[in-house]
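Look at the two complexes coming up: chain A is in both, with chain B in one and chain C in the other.
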Partner chain A sequence: MSAWLLGAALALLAEPEAPYAGRELVVMVDEKSFESWSVLEQIARDFEAAHPGLVVRVIDQGGAVGQQDKSRFMLTGDLPLDVTRIDVTEFGAFHAQGALIDIDAHLRALPGFDEANYLDVLDGFRAADGHLFGLPSTFTPYVMYFNRDLLARAGLEPPQPNWTWDDLLAVARATTRDTDGDGRIDQWGISLTQWLQAVVPWIWQAGGDVLDPTLSRSTIGEPAALEALRFLRRLLHEERVASFDATFENQYSQGLFQAGRCAFYGPVGYWETYRFKYLTEFEWDVAPLPRGKHAATAIAMTGYVVPRTSREPALAAAFVAELSGPKYQYTLAEIGNGVPAWKAAATSESFLDPRRAPRSENVFLDVLPEARFLPSLANWRKIEALCQSELQGALLSETYDVAEAARRMQEKTDAFLAGEARRANLPLLPRFALEACFALAVLGALAAWIVRRSREPRRGFASDARGALTLLAPWAVGFLCLFVGPAAVSFALSFCAWSPLESIERVRFAGFENWFRLASDDTFHTSLVATATYAFASVPLGLALALWLAWLLRRESTLAVCVRTIVYLPAILSPVIVAATWRFLLDPDRGFVNHVLGLVGIAGPAWTRSEPWIVPSFVLMSLWSVGAQMLVFLAALQALDPTLEEAARVDGAGPWARFRHVVLPQLSPVLLFNLVLGLVGGFQIFAQAYVLTGGGPGDASRFLVLYLYETGFRHLDMGYASTLAWVLFAILGCFCWVLVKTSKNWVHYAARSRG
Partner chain B sequence: MSARSWNLAALAVAGALFALPFVFLLAVSLAPEGRGLAEPLAALRDPHFENYRLALERMGGFGRLFANTLFVTVVSIVGQCLTCSLAGFALARISFRGRDVLFACVLATMMLPEQVTAIPRFLLFRELGLVDGFGPLVLPTILGGAPFFVFLFRQYFLSLPPELDEAARLDGAGPWRIYWSIALPLAKPMLATVAIFTFLGAWNDFWTPLVYLYSDENRTLTLALAGFQRSFNVAVEHMLAASAVVLAPCVLVYFVAQKVFLRGVRVAASKH
Partner chain C sequence: MATLELEHVTVRFGANVVLDDVSLSLADGEFVVLVGPSGCGKSTLLRVVAGLVRPERGTVRIAGRAVDELEPPERDLAMVFQNYALYPHKTVAQNLAFPLELRGLARDAIERRVRETAAGLGLGDLLERKPGALSGGQMQRVALGRALIREPKLFLFDEPLSNLDAKLRHEMRAEIARLVARTRITSLYVTHDQSEAMTLGHRIVVLERGRAVQAGAPLEVFARPRTSFVAGFIGSPPMNLIPGRVHAGTFAVGPLRVAVDAPRAADVEGRELVLGVRPHAVCILETTLQDSMGAADADGATAELEVAFVEALGTQTLVTFRLGEHELRASLDGDVRFRVGERRRISISRSGLHWFDQGSGLRIV
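Right after this comes the complex of A and B.
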C-alpha cells in the first residue's frame, strides 16, 4: 500500500509525460492573407498542446512569385516535409510520380472523421482505388459574374438558374451596343475567358470532353467539343456580342467588367469576388454557367497532402484534417478567398454573408451537383500549355479554322501522352551516376587545364605563377564546385528523363530523345524567335539610347548630375518591382501610356495583351533600365582625350563628323563590352516576363529562360529543361565568340593599352 | 532655339520620363486604400502615411528581417570584393601559363542561365548540410560567383601602369604582397563599384532565399515582400508601400555612393 502511494506521489512529482518528445511536423502553407496566417499559427500551437512534446513548424511557401518552387526543392532534396498544399490539377502528377503518401487509413482512424462533413469535392484528392490522399482547403466552381445594373438598364431580368446558351445569346445581343455612336462597340454582352480550364465547361455542356475516359487520348477534335468551340466563336465573331478578357493575367488591371462595360464575365471562379471588393460603382452578382445539352461546370481547388518525405504520416494526416476542419474553414469563409470545403462553414453566415456582394453567393454551392474536376492526369499543366496558343487562335482570330486548330491540339496532346507513357519504361540510371558526372567534370576540367598549360610556353617568373594560382584559388573552388560540377550534372540530365518531384535516385536514361525533341517542338521555335527578336531589338536600341543620354549628360552641370541619378535609378530596382510598375503603366484601358497617347490622338495598342505588341512592350521596358550602360558610356566619354576632338574641330569637322569619326572609334572597346553584356542579358530575359505575362498571350512572350523554367519546374521535365539550357548556352557562346573574333576589325584600342 | 536649350529640354524630358514610374510608385503607395490605381494623384491632397505603418507591421519582425538581409548583404560584399579582386589581379598583372584559358572560363560562366545549375547546386548544399542557413546565399559570392566582377577587376588592374609592381617585384615582393599593399589600395573606386553592385544584387535577391531558407527566423526582406505580392487581400497601396520600404536602402546607398561608383566605372571603362 505504501509502495503504491509512493509510486503515485513520484508520478505526480515527475515531469508531465511527453510521448511526442523529439518529434517534429513540418507544414508548408501558402496562405493568402495575414488574418488566416495568425489562425494557422494558433492551430499549430493547439496541435502541439494536444500532442505533448511535438513541435509543429509552419513554413511559408513564398506566394505567387515563387509558386511551388520551394516544396519542389524540398521534395527533390528528400528534405523532411510532412504537409504541403497543392492544386488539384497537380494531384495526378504527384500521385503518379509517387510523391504522396496514402493517408486514407490514417484519416479514417481519426475520431469524428466523416466524409459527410465536407461538401462533395473530396474526389479531387481521391486516387483510382478510392483512397484519399489529401483534403481540400478551399475550392471554386466556375460561374458567370454579371452586372445587375446594366441588365436592369436594358430592361432585362437577371438570368434564371437553368438558363441556356440561347438565353445567353439573347441577353448578350440586347446588351451589346455602341453607346457613344462612334461606330465601335464599347459595351459588350459578355467578356469571355479563354484559358483551357475555362473553356472545358462549354465542351462538357455540349456533351464532349478533352480526354477519353482512359486518359490516354485527346478528344478535343471530336464533334461535341467542336460544337462548343464554334458556339464561342459565334459569340465572338459572327454575332459580335462577346469580347475576350485577358485580365486573369493581370491581377491588378481593370478589365471590361470592372469598367462596367460588359454585362457578363466568365467563366471564372470565386477569386474574382475578392478582386471586385472595391467595385462599388454598380451592383454585381453571380449566376451559374448557362447550360447547353447538359449542365456542367469545372472545379478549381487547392488542398493539403502528405508528401513522400514525411516521417510522421499519421500525425501529418491528423494535421491535414485540422486544416480542412471547422477551426480553420470558418476563417477562410470570413476572408473569402474561396469556398470552404467544410460543409457547415460553407453554409454558415461566415460564407453566405448577406451584407457582402455578391447577393447570390449560394450559386457557388448550388452548382456543385453539375460540377466536375478536370482530368486527373500525370501532367495536366503541360497539356494546358500545349493547347493554349491553338486555343487562343481558334477563339480569337477572325480567320482561324476551328476544326484544324482542334485537330492540332489533339495531335500535340496525343503525342505528349504517348511520350509520357514511353518514358515510364525507360531504364533507371545507376546509383551515383550523377555524382560521378560531377566528380569527373571537376577532375576533367583540372586535368584539361594542366595539359593545356604544359603546352604553353613558360612566361613570367615561376614564383609569380605559383602566387597567381594561390590568388585564384577561391575563385577556382567556386568555379569548379558551383559551375563546372552543376553544369556537368545538368548536361547529363539533358540525356535523361526526371521529374523534380521524384527523388534524385529515380533518374531515367533517355538517350538523345530530349535533343531530338527540339526539332519538332513548336513552343521552342516560337520562344527562340521571340527571344532573338527581343535581344536584337532591345540591345541596339538600348545602346543607342544609353550613348545618347551619356552624350547629353557628359558635362558636370547640376541638371546633368540630377538627371544622371534619375536615369540610373530604375537599374537598381529588382525586376519584379519594375515589371509590377509597368503592368500599371501599360494597361490598355486605364494605363498611363495609352492615356498620354490618347491625348495626342493616337489609339494606343493593347501592349501586353496583344501578340504583335508584347515583344515591343518588353523592349520598351528594357529601355527604361539602360542606366548601367549609360554609366559605362559616360565614364568612357569623360575619359576621352579632348585634344583629338579639338584637333578635328580646328580642321573644320562638324559635330556629327566629330562624333562619328573621332569619338565613336575611341568608344568602340566600351561598345563591345556593352554589346556582349547586353546580348547575354537580353537572351536571358526571365523575371520581367515571368511576373508580367507568364509567357502569354499565346506563346508570344515565352522567352527561352522562361520556357526552360516552366518545363523544369511546372511541367516537371528536368531533362528537357536542361537540354534547352544547353541550347541557350551554345547560342550565347557562338554569338560572343563571333563578336570577339570580328571585333578586331572595328574595335580600336589605344596604343598604350595592354591586355 | 539654340543647341544648348534643345539639350536642356531633352534632358528635362528624359529625366521626367525616367522618374515617372517612381513617382507613380510613391503616389500609389500613399493613396487611400482601394483608390490608388483609379486616381494616383489622390495622395497629393491626402497622403496616407499609415500605409507604411501597416506595411511594416504586416511584414512581421522588421528588425529581424532587416538584420538577416543586412548580414547576407555585408558578407556577400566582403567576400565578393576580396575573391573577385584577387582573381582579377592574378589575371591582369601576373603572366603565367594557362592564364587566357582561365579568363575564357570566367567569361563562360556568364552564359549559362542560373536556373540550370540550380538543382545540382541545391543537392550539393544539401549534402553539405547547409540548407536553411545563410551558407547557400553567401558561399557563391565568397567563392567569386559573379564573373562580371572578376572581369571588371581585371580591366581595372590592366589599366594601372606596369611600373607599379615591377619596382616592388625587384624589391623581392611576392604576388600577395603586391596585391595587398599596392594593387588593393589603388582599387578603391572599383571596390566601391563592386560593393554597390553586390549590395543591390544581394538585397534584391528573391529566388535563392526562397529556395534555401525555411525557418521564420531566417527570412529576408524580399521574402516578406513576396508575402505582400501574393496576398489576395492586400491592397495595392500597401503592397507598393512595402516595396518602397525594401527599396529605400538601395536608393539611399546609391545616392551616397554615386560619386565613387562613377569613378570606378570610369576607370574600368577607359581602358580595355
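Right after this comes the complex of A and C.
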C-alpha cells in the first residue's frame, strides 16, 4: 500500500518534467558486435535523456543471416515497431505495400538535418515523389578483391583504376594454372560471384539493364545484357579462368580466394573486408570493377525505416537520424561494418585507416560516381528468386543456352510485374469477411460435432460424458481457435491477394488465380518433386534403419543402453543444429564425409552444392536422427511376448522367418504410426533446408514448406502461400487416408493372447 | 517316437544355479511329468531339451543321438506353452499350417493335415478365427494341434493347463492324456500341480531347487516319498510334517506320543526327526479309551486333540487339530460336523507314519 502511494506520488512529481512519460520507442537493429551494441545502447539512453519519460527498447533482429524476417512477422502481426532495419532491395516492396511511414517532413524538421551531410546514397530510400522514407546505416559498392602477392609472384601489376574486361581476362589467363602439376587447375584467375546483384554491374557495364525505367518490363533478354552474361560464361567455361565456388549460399564459408588460390574475387562488397580481417597469409586489396563499354557498379545498402505500426513517427524519425548520424556512423566505420553513409565519417581515418587492410580502401568511395542502386521501387527479392535458378544455370551449366535462359528470366519477371499491376486493381474483400470465415468454421465444426453426437446411441452415464467434456474443453478451445479457425482463414486467403506487410483491410479477392497458378509454377513443380522424393526416400529408409537398430539394441545390456543413448541424442537436437553440423560434415572440399570417402578411394560428390546430390544429402541427415522412431520400435519390441518367438523357433522358423512372420506383424500398428508421422514430418521438412541451403542449388532443395514460407514472408504473397499450404494439407490428407484405409490389410491389432 | 536322455545337465544364470547335475531318461513312448514348485528349474529343463537354453554342462540325447549342437527345429520336437503362444495375427488354420510351411510341405498336403488335425481336436469350425476370438480352452487346443500336426519325435509341455479354469483344466487334462496315449509320442510334461502329475504321467520326476530328488511311478512316489519335501509336495491335501525329537524311543509333540520302532530306536535316539502323516491316515476314534491317555500304542499312535478349524468340502471334511505349537490336519470322508474347540481322539496306524531326518530331509527307512 505504502509502496503504491510512494509510486503514485513519484509519478505525480515526475509528471511536469517527463513530457514523454508512458511513451515507448521499439527499435529493431541487426548488430553482431559488442562495440556497436554498446554504442547503440548509449544512443538509446542519450535519446531517452533528451526526451524525458520516453523508453527506448532496442531489440535484435536475430534470426536468419541477412534476412529481415522478424520485422516482417511483427508487421504482419500488427505488433508495435517504431524503427526497423531493412535492405535497400526490399524498400520497393515495403513502400508499395504501404508498410512504411513517410518520414520526410519529420526528418527535415530536425535541427541540422541536411542531405549534404551524407554521401550520395540517400536515393535508396527515396520514393518516386522525392520523399525520404529512411536513412542509410552503412552501404557498400561492389568492387573487386585481389591477391597482391599472387599477382606479384606472377610478375603482374595490380589493376589500374580504369582497367577493362580485356585486362581482367588477360590477368586471369596469366594466373590460372596447375601449380602442382597433377593435370588439374588449382589456381584460378577469378572466383566469380554469381547472384543477381553481383551480376547486374556487368550488365550495366555492357550498357544493358534488368528492368526498363518504368519498372514494368524486364530487359535482361536484350543484347547488352546478353553480352555481359556471355562474357561471364566465357570466363567460366570457354577460357576456364574462373572458379565456381562463390555462390550466394557459400558466401559464409571459406572460398578459394581466402585459400590464396585465386587472383581476383568479386564483384563483392565491403562485408568481405570485415570477414578478411584475420586473413594475413597474403596481402589482399580492392580495385574498382573492370569497365566494359561503361564504368558501373551496384550498391548494396541497409537502412532504417519507420514501419506503419509505429505509434511515434516523429520520434522514430528522430531516432533514425541518430542511427545515421555521426556518433553511430564513426563507430560502424571503426568496426569495419560497411562504408558509413555519413560523409565526414567515411572520409575520416575511422574508415580510411592506413594501418588496416585493404591498402586501397578509398576505392569504395572513388567508385561512387559510377555506382547505382537497383531500381529501389521494384520488389527485388521476388525478382531475384524468379531469376535465380535460370541465372545459375546460365552461368554454371556448360550446356545452357544463355539467350534462352535470359528469355525465360525475362518472361517470368514480366509475368510477375504484370500480375502485380493486375493485382493492384483487384476488388477489396469485404470488411470482416475473414473474421466471418473464422467464425463460420468454428461454429460449423461445433455443429458437426453436436449433430454427430446426437445421432450416436447414448451409452454409459451422462455424468461420464459431462466429465469427458470438461476434460476435453481446453483442447477443444485450442483446436477450434488455433487450428480450425485459422485454417479456414488460410483457405479463404488462398482465393485472395494479400501482402503480410499490408493491413488486413487491404486483402483483395483474386478468385481462382492462385490455384490456376499452381499449374504453371515451375518452382512449385520442382519443389513438389523434391519434397516427394525426400519423403519417399527418407521415410522407408528411416523406418528400416530405426527398426534394424531397435532390433539390434533390444536386449538390455550396458553396451545397448550406451549405443541407444548415442543413437537417440540427435533426435533431441534442434533441426537447426543438425543442419549446421551437417553443413560441416558434408562440405565438399573440407568435410568429414568426403574425407572418409577419400580415404577409401571414392571421390565424394559435391553434396549440398550439387543438384542431384542435394536431396540425398537431406535424406542422409534425416537418417542420422532416427532415434525417436527407434525408441518407439524398441518399446514395441520389448513389449512383445518372447514365448511367441520361442514357439516359432521350435516350429522351425529361422531368424528371418521369425522376424517376417512373427515379429513384424505384431509391430504393424507401430509401423503404421511411424509411417504416418514420418510421412507428415517428411513432407514438412523445412528447418534443415532453411539453414543449410536456403533452397539451392537452383530450386533443388526448395521443399514445399520452405517455398510457402518464402512465398508468404519473403515475397509477401500470402494468398499464394495459403494455396501452397492447402496443397500440402491435401497431399498429406490423401496419403494418410490411403494408409489408414489400406492398413486393414496389413496392420494387425489382434489382442495378445491372455497370459 | 524316440527315447530322451539327459546326462548331468547343469544350467547357471549368473551365480544362480538353476539346474544342478540333473540326469533323466525317458523310454520310447513314455509320458514323464516333471513336477516341482515354481523356481525349481523345471521349465528351464524343458527349454534345455528344446534347445532354447544351452546348458553349461551335460548332454541331451534324443533317440540316442546327442543334440547339444542342434538348433531347436533340427531336434524335431514340438512344444506347448503355458500362454499358448499362438501367433495373434494368424488364423487358427494359419497357426496350424505355419510349422508345415516352414518345412516346405506342398500346399495341398498342408491343407489336408490342417483339416485332419483340426477335426481331431474339435476345431473344425474355428479354422478362420483369429486367436483373439477364441476361449482359453480353444486356444490351448490350437496350441496342441500346432504341436501334433508336425508328428514330432518328442512332445514338450510347459504347464499347458495352468492358465485354464479348474473345470477346463480337468477336461483338457483328460484330452492330453488321450492324445498322448493315442499318438504314443514320448512326452515330457512340466507342471507345478501335483494332481496333474499324479494323473497324467507314467512316471513323475520331482524337482527341488534344480535337483531331481525322486523319480518313479506316481503311486510309488506317493507311497514312499524319498524326502520330506517330496512328501509335502505330492498328495493333496499335503502331508502333515511335524518336527520333533526322540526321547527314550518316543517321539513326542504336544499330546501326541509315537513310539519309534525298537530296532531303530538306538539310531534315532536324541535325533531331530520329522514325522509325516497323510491327512487321510488320520482316523477319529468314536469311543474313548481310558487306558491310552496320550500314550503310544503298538500299532501307531492315538491322542486326544483340540479341533482348531473345520473346512467342509462336501464329499470330505478337512479338520485341523491343534498339536502343541503345530497342527495336524485330517481328511475325513463325508460331512463331519465338528465344532471348533471340541476335543476328539484320533489315531494313526503304523503304516501311516513316515519318518524323515530333520537336517537332510531324507526318509529314514
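We take it that the second predicted complex is superposed on the first by the 712 of 755 C-alpha atoms of A that agree within 3 Å, B and C clash if a C-alpha of one lies under 4 Å from a C-alpha of the other, contacts with A are read in each partner's own complex, and residues count from 1 in each chain.
By our rule, contacts are C-beta pairs under 8 Å (C-beta built on N, C-alpha and C of every residue); 3 or more make two chains touch, one makes a residue touch a chain.
What you see is a predicted model; the values in this text were computed from it and never measured.
Annotation: superposed three-chain arrangement on chain A; chain B versus chain C shows no clash, the two fitting side by side. Residue by residue along chain A, chain B and chain C are tallied for touches, and B comes out ahead. Of the two partner chains, chain C is the only one that A:His661 touches; chain B does not reach it. Contact with chain C, but none with chain B, is seen for A:Thr643 once the two complexes are overlaid on the shared chain.
In the superposition on chain A, contact of A:Ile602 is made with neither chain B nor chain C.
Legend: residue contacts after superposition of the two complexes on their common chain; A:Val529 is shown touching neither chain B nor chain C. Touch criterion not met for A:Leu428: it reaches neither chain B nor chain C. In the superposition on chain A, contact is made by A:Thr76 with chain B only, not with chain C.
Using the contact criterion defined above for the overlaid structures, shared-chain residue A:Ala653 touches chain C, although it does not reach chain B.
Think of it this way: put the two complexes on top of each other by chain A, and the tightest Cα contact between chain B and chain C is 12 Å. Residues 750, 753-755 of chain A touch chain B in one complex and chain C in the other.
Across the interface of their complex, chain A is touched by residues 47, 50-52, 71-73, 77-79, 81-90, 98-99, 102-103, 130-132, 136, 139, 146, 150, 163 of chain C. Those residues of chain A that touch chain C in the complex are listed here as 641, 643-644, 646-654, 657, 661-662, 665-666, 668, 748, 750-755. Residues of chain B touching chain A in their complex: 7-8, 10-12, 14-15, 18-22, 24-25, 28, 34, 37-38, 58, 82-84, 86-87, 89-91, 94-99, 101-102, 105-113, 115-117, 119-124, 126, 131, 139-140, 142-145, 148, 150, 158-159, 162, 169, 174-176, 179, 200, 204, 206-207, 210-211, 214-216, 222-223, 226-227, 229-234, 236, 243, 247, 250-251, 254-255, 258, 261-262, 265-272.
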